[in-house]
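Below is the structure I would like to discuss, written out as structure tokens.
Order as written gives the chain letters A, B, C, D, E, F, G and H; numbering starts at 1 within each chain.
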Amino acid sequence: MNYNIDHNRKTRIGFPEVIYGESKDVDTLSNILEETLKHSPNALLTKLQEEKYLKIKDKFKNVFYDLKSGICIVGNLTKNKKRNPDIIILSGGTSDEFVVNEAFYTSEFLGLKAKKIIDVGVAGVHRLLDRKEEINKAKVLIVCAGFEGALPTVVGGLFPQPIIAVPISIGYGVAKGGHTALNSMLSSCANGLLVTNIDNGYGAAIAAYRIVKGLR
Amino acid sequence: MNYNIDHNRKTRIGFPEVIYGESKDVDTLSNILEETLKHSPNALLTKLQEEKYLKIKDKFKNVFYDLKSGICIVGNLTKNKKRNPDIIILSGGTSDEFVVNEAFYTSEFLGLKAKKIIDVGVAGVHRLLDRKEEINKAKVLIVCAGFEGALPTVVGGLFPQPIIAVPISIGYGVAKGGHTALNSMLSSCANGLLVTNIDNGYGAAIAAYRIVKGLR
Amino acid sequence: MNYNIDHNRKTRIGFPEVIYGESKDVDTLSNILEETLKHSPNALLTKLQEEKYLKIKDKFKNVFYDLKSGICIVGNLTKNKKRNPDIIILSGGTSDEFVVNEAFYTSEFLGLKAKKIIDVGVAGVHRLLDRKEEINKAKVLIVCAGFEGALPTVVGGLFPQPIIAVPISIGYGVAKGGHTALNSMLSSCANGLLVTNIDNGYGAAIAAYRIVKGLR
Amino acid sequence: MNYNIDHNRKTRIGFPEVIYGESKDVDTLSNILEETLKHSPNALLTKLQEEKYLKIKDKFKNVFYDLKSGICIVGNLTKNKKRNPDIIILSGGTSDEFVVNEAFYTSEFLGLKAKKIIDVGVAGVHRLLDRKEEINKAKVLIVCAGFEGALPTVVGGLFPQPIIAVPISIGYGVAKGGHTALNSMLSSCANGLLVTNIDNGYGAAIAAYRIVKGLR
Amino acid sequence: MNYNIDHNRKTRIGFPEVIYGESKDVDTLSNILEETLKHSPNALLTKLQEEKYLKIKDKFKNVFYDLKSGICIVGNLTKNKKRNPDIIILSGGTSDEFVVNEAFYTSEFLGLKAKKIIDVGVAGVHRLLDRKEEINKAKVLIVCAGFEGALPTVVGGLFPQPIIAVPISIGYGVAKGGHTALNSMLSSCANGLLVTNIDNGYGAAIAAYRIVKGLR
Amino acid sequence: MNYNIDHNRKTRIGFPEVIYGESKDVDTLSNILEETLKHSPNALLTKLQEEKYLKIKDKFKNVFYDLKSGICIVGNLTKNKKRNPDIIILSGGTSDEFVVNEAFYTSEFLGLKAKKIIDVGVAGVHRLLDRKEEINKAKVLIVCAGFEGALPTVVGGLFPQPIIAVPISIGYGVAKGGHTALNSMLSSCANGLLVTNIDNGYGAAIAAYRIVKGLR
Amino acid sequence: MNYNIDHNRKTRIGFPEVIYGESKDVDTLSNILEETLKHSPNALLTKLQEEKYLKIKDKFKNVFYDLKSGICIVGNLTKNKKRNPDIIILSGGTSDEFVVNEAFYTSEFLGLKAKKIIDVGVAGVHRLLDRKEEINKAKVLIVCAGFEGALPTVVGGLFPQPIIAVPISIGYGVAKGGHTALNSMLSSCANGLLVTNIDNGYGAAIAAYRIVKGLR
Amino acid sequence: MNYNIDHNRKTRIGFPEVIYGESKDVDTLSNILEETLKHSPNALLTKLQEEKYLKIKDKFKNVFYDLKSGICIVGNLTKNKKRNPDIIILSGGTSDEFVVNEAFYTSEFLGLKAKKIIDVGVAGVHRLLDRKEEINKAKVLIVCAGFEGALPTVVGGLFPQPIIAVPISIGYGVAKGGHTALNSMLSSCANGLLVTNIDNGYGAAIAAYRIVKGLR
């Protein structure tokens, strides 16, 4: 079968087509990867399960995989060597890392400099205030939170940058699935928050790229 | 028709039966009031519409009415003259007053000393920190919030008292009806928040009464 | 009563506190406006009903009001005279103007140059393609849509700028209230869309301001 | 036990009773199949799990099975040899094949000529425009989409044929389960779309059969 | 302001752009009508409120209006004089007429011959069976139902034609808003039903037109 | 227009067709009434608005109307003179009367003997226990409750009769619309409760009639 | 630990306490069973998983288990030898048997005579009409249906007995979990249907017992 | 990696940071535990899976684990030796123990004296009345219930203490996930109930601690 890959997407809107790994089998993924690597030095797969990664690793060279997020990068990658990060990714706790990492590695794939600040949850707000100067240096803030999703609201009241809020599907009872965090971010009394789908660290990074690219 | 009023509720659980005003007509309300005032010096009606109040005012003596909340008290009321409030009622903004007042006047009806602190919303968290000492003196905190409902979470990380979180039906889009604020409070990462139904300032005051009564 | 207005918000995060007009009465609004105008040359009210505007107009000078959106600006306003717009606001049809205008006038209040392009709905996609060059000149795109909310997805596949998608509560049946448009935008297969609450044209403009300010 | 099979359905409404495989055990399925094949040259099972197929394969002759969709055809099948397809089945990506195939094989079972065009998602709309002539030749279009479900809307604005939109349960966060795609298709601003249940490729094919049969 | 009317839609997909009347003001509607009537002999408005109709009637010639459905046709209309209807519109009761009529008059606007059969609800199924011969003559069936929405299921088990099921927002409790009827039709055990949005009689007629046009 | 009234329903299942008054206009209602009264001594209309009643009263003889429930009976009615009630209708408070009365008057219309016991809500369970003997005499219990809907659960643990639980749309916040009461009754830990739609006092009475008729 | 078993329930309301097997471990179940069998000749467990049954079978005598429904009866059981069934249990297809059987065996446990009629789904309504005489002989009808849940509506229009409608969690897409069937039954236009929770065959049997007991 | 543990939480609000075990891996948990035990004699983990406990047991001394609730306490614990319990935890049945135990062991970790009373469900209300005197001695009542969640309503009508209602995710159909119990408790007609998230026994204990601490 032929795959209709959108090779001219990078020219058109600045970044290549990305491969959603979760619901494709390994054969399909391999075919798409081969086709993509004919036109591009590397390729990004998102939400890839570990058992599929293990098979892809055997078929391709230079395969990077992050177990927590399921991000997989096939091919060469040039790291951005800037000192100040373009993007700082904030989150309330270590349970959020599967999304934080998706945003982090997608950012690096796109050539941005990213930095993670984990464990600055709202229940101990002093931890956030202690790192104010550092956070002020980034161009865009990606703020991840599960449960009640209040972290972006507090960040939005303290910092002037564009803020991308990412709800996370961590929590139980009414927080299950991340819908409470999502709705909380959408209806925040802090002005000008922008929101992605639940667990969409990847989309947050692409959005940050759209913003940062305009700045350069 | 006879009304089966639960006159011994005050003996049994410490506070009298209260009359839900919203869905009863004036005749029914008048009959219930007359019956109640035979056994009690006063009576409390909640969520009473103004047009009904105007008719009730003409039939009974000593009728107090708060237009914002629809609280109506018929009969005598002895104010608590303590200096420090038993309860402080916090909220994010002036739009919340219809619930804040319901909690405030119900508390006074029950003989508690209450105080309101409006406009300490999370988007400017310094306003809350400035009044820390004053808030520390209350025995119970009632925290009202609409939209994303983040205020109780921040309060819960700063203060040790029992915290009663009241979601408010202020907001639009996903915040409409108060369900986002409710879910946000229920799934808060601040520990030990207790939550009431949306707009239930009255229930929050009764719950505060159950707590404060044990303290005396 | 004193209002705890957050006067230093402009210094802290770059734009002043804005007044949510929908659920406050005229007296409260007047007091807040007076207090605000002591520290600021102008003030913005959102979702203000016409009958309240008519009373506010009599009490203050220089009152601008847009009937469709309910935006009200009290005080002086300096228009941005740039030729190319900072922001282009796209929408599918004339029914969307109550939100398009909220974004438009808030942008102007914040000193940005904004432009509206109405009636480029997805059912006739050629209308969008015809204006490609013009749209490419803006720094940020705000894309409003009700019903199935597909416009931001198509825009996201054609343009490289930051895209702020605003779901609109126009529609009936499953589209009622704007939740279908919201969910459609959040789960778009076009990468890097950022989403606001339903009908939140005001928040979209603030977010655009956070982005454009970094570009200058 | 006797099974009340509706043998005269084909006479009455033109197509035979079909067997929903997902929630029946192999014994039940075998009995129903035996009963059906007494009156009909073949039988169609939908959403059949692989482990059940393996057992059925051993008991019956001429068993066709498609792993992706779970479609199973027992008995002889005469392929339609027309050159132009009656039905074209469009979809946004390879993740949709489990439903695309269900529609495809059900169509063939019913004697229609079907054709699949995968990977014409909205984020790269040129891929759809490139195949306009080919698509114009079909009598009915079945359009499958997960995530935000925008493909049928774009197709509906470009083509005059009857359009059967099939929402697919591919996606995460608010797209989980396919409800966003479903609602998006139901409230499309493209006129005259007709919608089936989520993942119901089988029902889409039956509906197409009802339409095409009238044309002949 | 200029309106971007999609004048070539009729050439492209066979029927003209239609005007959604519910959320536009009279001035906007008049401008759009004027613009439309330059290119077309007539125009269709849907879900138009009576007070708007009364003003439009004064500005245009040949204005037809149906109070129940809010359908408004401006300009000349040639009635289809065929004996057998292309479309039969079935419904369970007189409460459904606001949608039945929307489908009926839209069909006539498009040049189809339509017929209404009201009051054949499922609770007395003999009423439907009595008219079997008549119903068999139509090319397409539009079946409207509120409450539990079972009528299309019964019709689908009895008739071989294409069936367009239209859920109606008649009912209370769990039936309120029409969502139960919608879900019931989508998950019908009768095969090959096709469904529109709640109350979308207009869309059902367009869909019927797409089908019937292919037959001629 | 002719109305397809199901005149033989009484013969078939024991009770006549009833007219849903809420969404029909007065002309339609009058025509249906006239048609019905040709075959039957009386007719029942449900959920009829007062302004429609006032017009119907002028056109027909012997019109009974209950303002709270909107029940309207046209024609003669023979009261059941038994001493013990067939049905006892229980409810938690006076706000529930609009549904209690619907059940009560429908029961009387069907020739059953009914009795109302209001104000036995769960918050004062002794009120229910005090009337145990009286309640034990009825053949069927209809139990109405809004808010959390706990009354049928307590009744179900105390009484052996068939229990028909009717959820009521009284309440605010999460209780709004009656869905919490409905779900509470459906998932009751008291065994063998049977539930109707929200506010469906009429359906409860018909169901009671189906039961009692078998007993005689 | 002691278990507070409600031994006098049978005296109070006519049937014994039943043991919900799904969420208890085998030790807990064994203790409760032992305690119960001291006061009663037998005990009923519902929704018991097979692996637990296998352990219970080894500890107790006379253990009956139905794999499809998870019903388990421990102890002696006297079968009712009447010729005509008290209860007929109808359903649309063989997928419904896990609930049909739960109702069937619970009825037998309670001493009722029950009969099952499977495969009379609405898509072939003649199958139901063919068995009209037989169905008319039962005192109570239990009608089970998944998907769109239309069977009780059709039954309700044809038969005069008490009808207990049981929604079943069979279906996919919008039918998933059984909520569509539930809502469909609650809002049926057939009068006087009574509804249980989804998959609650057990509760339906208890309710039937409450009805039949009054008849004897 | 460093963990930003909030060591001064105990000083600030009276109880230490607790570790949410469910979504963290064993390495992360071990690091956090080591860090915590440097500043505190013990640590509490909630909702910990058994397989993780088995690994933690090997790395730390004095590890207590409760299989039902997943509560894990690492380090020394001083039991409260008071005779009367501070807290009584009530529930309807043995299925609720996974939450009852979470509340129980968290209370003990915080130095409170707790007691469990299981199996006092509403369907046999006498079991609750029999233990009235004992229950009256506690300072706070935690009331757990799944299914329809009526127990806190009945308790609230009988006892004057602060009542913390904990909804439990036990049940099927509409009760699945615990949302019915939650909504039922929030909208209770018993006054002054306070509610936690579904299954949040841990939060209930912290809230009880906030109350009891004020009493001493």
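Note that in this section a contact is a pair of C-beta atoms (placed from the backbone, for glycine too) under 8 Å apart; a residue touches a chain by one contact, two chains touch by 3 or more.
It should be emphasised that the depicted structure is a prediction, and the values quoted were computed from it without experimental measurement.
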Check your understanding: Quick one: which chains contact chain A and chain C both?
Key -> B, D
Exercise for review: Compare the contact pairs of A-C with each of B-H, D-G or G-H and report the one sharing over half of them by residue number.
Suggested key: B-H
Exercise for review: Report the inter-chain centroid distance for chain C and chain G in whole angstrom, where each centroid is the mean of the CA atoms.
Suggested key: 56
Review point. Between chain B and chain F, what is the separation of their C-alpha centroids in Å?
Key: 35
Study note, to complete from the structure: chain B and chain E have mean C-alpha positions lying a whole-number Å distance apart equal to 50
Exercise for review: Going through chain G residue by residue, note those that touch at least 2 other chains and give them in order.
Suggested key: 93, 123-124, 156-158, 173-175, 179, 182, 186-187, 191, 197-198
Review point. Which chains are in touch, pair by pair?
Key: A-B, A-C, A-D, A-H, B-C, B-F, B-H, C-D, C-E, D-E, D-G, E-F, E-G, F-G, F-H, G-H
Review point. What does chain G use to touch chain E in their complex?
Key: 92-93, 121-125, 147-150, 153-154, 156-158, 171, 173-175, 179-180, 182-191
**Study point:** Touching residues (chain side chain C, partner chain A) in the complex
**Key:** 12-15, 18, 139, 156-164, 182, 186-187, 191-198, 202-203, 205-207, 209-211, 213-215
Point to revise | chain G - residues contacting chain D, complex | key: 93-95, 118-120, 123-124, 127, 170, 172-176
Point to revise | chain F-touching residues of chain B, taken from the complex the two chains share | key: 1, 3-6, 9, 17, 20, 22-24, 28, 32, 47, 167, 169, 177-179, 182, 197-200
